[in-house]
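Note that chain A is present in both complexes that follow, paired respectively with chain B and with chain C.
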Partner chain A sequence: MRAPNAAPLLAVDNLSVDFGEGSPKALSGVSFELRRDEVLGIVGETGAGKSVLARSLLDLLPEGGRIVEGDIRLDGASVLGLSETEQGKLRGARIALIGTNAKALLDPVATVGAQIARVLRAHRACGRREAWAAAVDLLAQVGIVNPERRAKAYPHELSGGMAQRVVIAMAMVANPDIVLADDATLGLDATIQVQVLDLLVKRCRELGAGVVLITHDLGIIAHYCDRVAIMKGGRIFELGEVGRFLEGPRDDYSRTLLDAARVRPTPMAGQGEGGGVTDEAHAKPLLDVRRLEKFFPIAGSTEVVRAIDDVSFSVGRGETLALVGESGSGKTTVGQCLVRLLECDGGGITFDGVDITDMPAKEFRPLRRRLQMVFQEPYVALNPRWPVRALIAEPLRLDPGLDAKGREHRVRQLLDLVHLPLSLAEAYPHELTAGEQKRIGIARALATGPDFVVFDEPTTALDIRVRAQIIDLVRDLQAEIGMSALFITHDLNSVRSLAHNVAVMRHGKIVEYGETEAIFAHPTQDYTRMLLSAELPIEQGLLQRDRAEARRLAGTA
Partner chain B sequence: MRATFTRYLSRHPGAVIGLVLLGLQVIAILFAPWLTSYSPVEADPLASLEPPSLAHWFGTDVSGMDIYARVIYATRINLLISLTAVAVAFVIGVPVGLLIGFYRGGLSSLVMRVFDFIQSFPIFVLGMALVSVMGQEIWNVSIVLAVLFIPMFARVIRAEVLSLRERPFVAAARCSGATDFSIMFRHILPNALTPAIVQISISVGLAILLTAGLSFVGAGVRMPTPEWGLMVSSGAQQMILGVWWVSLFPGLAIVIAVLSFALIGDMAKDLSDPTTRDRR
Partner chain C sequence: MTVAVRLAGFWGTVPRPLKIVVSRLFMLVPQLFGVMMVTFLLVRLLPGDPALLLLGNMATPDTIAAFRERLGLDLPIWDQFLRYVWNALHGDLGTSIFTSQPVVSDLLERAPATLELITYAMALTILIGVTLAIVSVVRPGGAVDIGSRIYGLAAGAIPDFWIGLLLIYFFFYMLGWAAAPFGRIDTFVTPPPAVTGFYTLDSLIAGNPQAFFSSVGRLVLPVLTLAIVNAGALMKMTKTVFADVYRSDFIRHARASGLPERTIRRIALRNCLPPIITLVGFMVGFLLGAAVLVETIFSWGGLGQYAVQAVVNSDYPALQGFVLVAATFILVVYTVVDILYELADPRIRV
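So, the complex of A and B:
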């Protein structure tokens, strides 16, 4: 039935992995095949075993992990019995891994050109100069502008997107048969993500390599993959053509996942009465920012980076403003100035009629009760030595009316508010999932019942379902306690259901500012339009559909 | 907490060895008079340089003193000197390091330059100078060592604080209304302490070796006070004549003491950090 050229390039057969005797299995009975010139997507939430799967294919399981059952065959030959040296030859040469956070994957003390050349020389005999020229060539192929100069750059001098391109170039050095991309674009701006994935898939198609794309974004699956596998708890729940999966998943869990991803943010309800609030709010806004400026000096130069350049906006009571922009646009700096983590260099901030721009820290401290912030990266913003209970109780010290018992009670209330079980009170941050950590961050910010909260990227790097839950949670809280909020995000689409107003930021300036629906309906700036189009819709593109059709025909012929 | 500790011990045999070795030293300190019938300071010229035998388990030294008795009694003096020195250095050095790491300014730089001065000064010259001023007492040896160790503790803590103070959780704590004091002592210090704890075990070992060195140049304890380093150096002259026991046994005692503190230091480091506490 199957054409001979469709013999599987990689066959995983009933693979099970665990971490030591008696521990629950990280993978149980996973089977799939990957053919040449095929992109297989693997989707699942955090902890579904996606990364363990990718690592077991390379025999790079974290300490304690071992394959207890099953087989991995490459072109029909099992790879499990191979010696360490033979495995080493396999890695990079035939199977290449592209991981998350490219910057961390690169050696910080070597130039990227030297690193690529090193990989080249490991795989084929060539001279130093030749390898360097080839490295520059590769950088050009992955679309890096001015490759000769960039080859001499160190990883910290590159942006996240550029670093990811370098890692892709390295992975492609030895023309591998199989490329494993493990959440390769996590944490990149949506616009960059599309560019990087386009490049990756295009390069693999040129080489005829098989690709395993591991992600939690169904938009990526719909856009780039031929087949998709849905994973949960170490099992594959569904495996099939992407087109058929998008039409109607057979499995209940896959359906929940797809539905959660498909939920389009509903426009803010009751814009009419909201308009009334806005008028009133504009009369006396809770927070008013006038011509804010913040400069950072550039080392070894008299020039400065204008991180915030003449930014003005205001937020009324019960109102939400979304501050949208790509990384480096200065939006996080604005948030940090508002809560006085940074001193601004010009302009003014008025909170509830009080000018807080240059207020001494001691006088400002009581105001912190009313002005809170949820930090971007949930893990690093929590003290690793503190249990959850202490972390949530910390801001409660700002409330002099609460004794130890009252605080204890409030901690329990707050855990409940962010839908976390009380049993987590004694857990430490490293024992929590990213979603739980994020909720702890939110609970901390809400502990004192603030009037104004800055949410810095509240939904990035979270699973689809968790993201939806967090947005729901914030919206409910706003309805319940009527706080105002500033939402800082790079994903314009995610704020549609939350924000009354949107300010689009670029290079430290607000380029577009207005009511959310107006901006969604008629964006006036090209930049805004680009941000709006960056998110991948969960439907197959024309090109993908044609490919699927061609494959179907080839299969039946 | 107790369950965690027991589980930790069952997975880390090194920690058990460390505790056992420490236990041996505690026994030597508490029960020295019952462990030997000899006096550690009584010379017997007739029994000079006798090899290990049933009468003298570890042999005798050049003045005929029983080495076993001296090794046992020396535990008291050696641990007294090193532990007080390290404890004083820890109690002073850690807060100083925290402060100069957190508040960076003219005063902090000045303190750092003073540390540079102390650490660049030859320790034996410093030791002899202090001892000649204050008198040749055990306590003075402790003080000399403490002065030398304070900059070490302050430096490791400062280095940690410098990176920790920029971490987002510190900013988050500030947003939650934490005061400077609370940020320093409740947020940064617990995270900065691990290298200082490791430094304790290194310093105890170093203290024993330096005590020996100071005794050797005559700025430390004097004969016939039983002290391991002094015993090793006094036996060094006979070593080439094949008289190995005079130096070997106090040397082994030093090894045991240093090793036990190194192993316990590792254990304390793991247990103080919730992210490694339960890892095997």
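So, the complex of A and C:
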């Protein structure tokens, strides 16, 4: 079965990494090979050691990390023990890394064109102007419209998807042999994710480069990878062809992952059963939004961005409305207007019969107890110097009827409510996992016993299983305390199991609004249909299957 | 309305750097007006009659009345203010009681002395502070890192005049390496004709090497004194900011892209510029008055000394002149800082 080109491009042999003597191993005995023109997927949940693996390949382990065992060979030659200068020649030139959250990966005070040119000049002797021209050319190739002008833009002027393309261009500029994509599309809209991955894989195929796609999304694996490795606790549990893996994983853990990913959210229980919603409550909605408008001025011109453009909806008691749309559709702005973090420019908001649109801040303050928000990025929204106990107790001080003992008791109740162990009360935000941070954010919002909660992207950037847990949690809370909620998300599929109604937003307008099941069954708008189909299903695409077949015949796999 | 729209449209097409400079310079006009008002009110707010203060105890009611008329103190306050502004704009800030010279010529003689001292001291401060900060972040635990920590502690604790005296004691008195701490230039060397007011530059312009070396020699110790004191604070702040940037995601990504370490350090430093610019601007403004102890020790004859003299001798015209010049200078420095800050960070909306 050994074809002439079967010599692996990259061979990782029994690699083990730890962080200092006696610490548990971050990687233990990891072995795999990567050939030219091959896409290897590595799947695992947070903490599985995927990123440590990517960084050890570049010899850029986080502080304290060291390779204790094993070898990494590039074209048969070991790269361990190379000097810093030799490593520098490898990085970017032969092995390129594309990381998560592209906006944080770009130098904020340099134009993106200059940043791409900078990488090229580090690897190939060429003039300033030549490098700039190459950068502009590459920007066009990664699908950026108007590349000459965009090359002169600073990172903060780009959207997340565009920044990700720039990072891909940076990785491609020196024509590397191996591209490591470490959760490269995390946090992007599903539609943009597909575009970015298509582009990445296509470019690598053109160059004949080997790709390591690190992700926690099995849909990505099914659609783009030739082979897949399942990682957990620093080990590779299963390594094999994607087609065979999808048909029947050999390992128990792989099967759990695959099952969790395959589970379609169960539809909302029939409306009749949710008997709490009486006709009377329907008649008088808890929250009513009429023709809401919000404009942002564009710097240096008299025009405005219509972030919210004539949006109306209402939420009854015990009801959940999902506001769905891609980034930039204005859904978060709506949420912030509701809790008065932003002042709206037109229309009105009525909460429990009271018009809160222009209520003075002083009068609105007591109402805040009843109207809460769970923020999108829990880590950013939590004070890093406070332990969990203080974080949850903070909003409780709004309630004058609680003394220190009562607060203590309530903190324990709330921890219990969001299914967190009491032992976490003394932990600090950085010691928590992303899922735990989300739960703390939810506990904080629920502390004052609100009637209405805005959840801003509560499931974004979470592992598959954690995402399911958070959705379950929100559902339990609905049943237990009967609160009303606005659920803001870009993932239409995730709201099926918890929202009564869905509003689909695009460019600041609601394009489709109705009962959840009706929308899932018969979407009337193309845009809604596109959103519904954007999530990659866990079935191998036809093209991918053909390719695997061809490779098998050629004997390279 | 249409004019406003068209103006707004035109302003939108102006390149960003020009926009920053123009809008900041525009702000200077009302700010300068405010400074003039404050200096004018300064004398008015002092307890007692300015005429009485200026004439002293020996004045008779007749001379006071005559003096009031001469100074225009009998006019309404707005007239007085307009006269003050008019005179100030024409280079007349009154006559110093103590030196009996026009305040303007006094200031013109002393301001360059202080500015020369501050300029070189700041240049050295930036060089020492930023270099130490970068080296100690890039090589943590190294000799420079440990040394800079001790220095950072000491620099905050030791007063500038003490360092000045120590330097004079060791390098002038004991070793005899440094020039005498008596003024800006050797008594036997004629100062170069004034062009910029900086002896070092003027002597170069005049082609007078003797004056150049003499003035440089005299600068060494006071500049060193100020730099040693101030570089500590700049180093500590730069270290914090630089360490943060140096650990950030985009620096890690730059390293993963294979950029050489030298380039990476430059990128990181470029990202640290805004806070450095702010602190340096603050220090320059601060030193204008704070250098007075060092000026006194080295008999420098600068602005700070002049101001102290004016206060001690109740020389109000001189004090008023000093405050006006100092405030204007600080205003200009802060404007430059603002402009540089906005140029250094493209994320700031103009």
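Keep in mind that, in the parts below, the second predicted complex is superposed on the first by the 544 of 557 C-alpha atoms of A that agree within 3 Å, B and C clash if a C-alpha of one lies under 4 Å from a C-alpha of the other, contacts with A are read in each partner's own complex, and residues count from 1 in each chain.
As a convention for this text, a residue touches a chain if its C-beta (ideal position, glycine included) is under 8 Å from a C-beta of that chain, and two chains touch if they have at least 3 such contacts.
All values derive from a computational prediction rather than experimental measurement.
Peer 1: If chain A is used to align the two complexes, do chain B and chain C fit next to each other or clash?
Peer 2: Verdict on chain A: clash between chain B and chain C.
Peer 1: Which partner does A:Ala110 reach: the first (chain B), the second (chain C), both, or neither?
Peer 2: second
Peer 1: Where does A:Ala171 make contact in the superposed view: on chain B (first), on chain C (second), on both, or on neither?
Peer 2: In the superposed model, A:Ala171 contacts chain C only, not chain B.
Peer 1: Considering only the touch criterion stated at the top, classify A:Arg369 as touching first (chain B), second (chain C), both, or neither.
Peer 2: First partner only.
Peer 1: Of the two partner chains, chain B (first) and chain C (second), which one does A:Val380 touch, if any: first, second, both, or neither?
Peer 2: Only chain B is touched by A:Val380; chain C is not.
Peer 1: Could you say whether A:Leu398 touches chain B, chain C, both of them, or neither, answering first, second, both or neither?
Peer 2: first
Peer 1: In the superposed model, identify the part of chain C that clashes with chain B, out of 151-159, 187-195, 205-213 or 241-249.
Peer 2: 151-159
Peer 1: Share the list of chain A residues that count as touching for chain B in one structure and for chain C in the other.
Peer 2: none
Peer 1: For the complex, give me every residue of chain A touching chain C.
Peer 2: Residue positions touching the partner: 58, 60, 84, 88-93, 96-97, 99, 101, 104-110, 118-119, 122-123, 154, 156, 167, 170-171, 174, 299-302.
Peer 1: Spell out the part of chain C that touches chain A in their complex, as residue ranges.
Peer 2: Going by the criterion above, the answer is residues 5, 8-9, 11-12, 248-250, 252-261, 263, 267, 270-271, 273, 344-347, 349-350.
Peer 1: For the complex, give me every residue of chain B touching chain A.
Peer 2: Residues in contact with chain A: 167-169, 171-179, 187, 190-191, 273-275, 280.
Peer 1: Show which residues of chain A lie in contact with chain B when the two form their complex.
Peer 2: Listed in rising order, the residues are 64, 336, 339, 341, 365, 368-369, 372-373, 375-377, 380-385, 387, 394-395, 397-398, 428, 430, 441, 444-445, 447.
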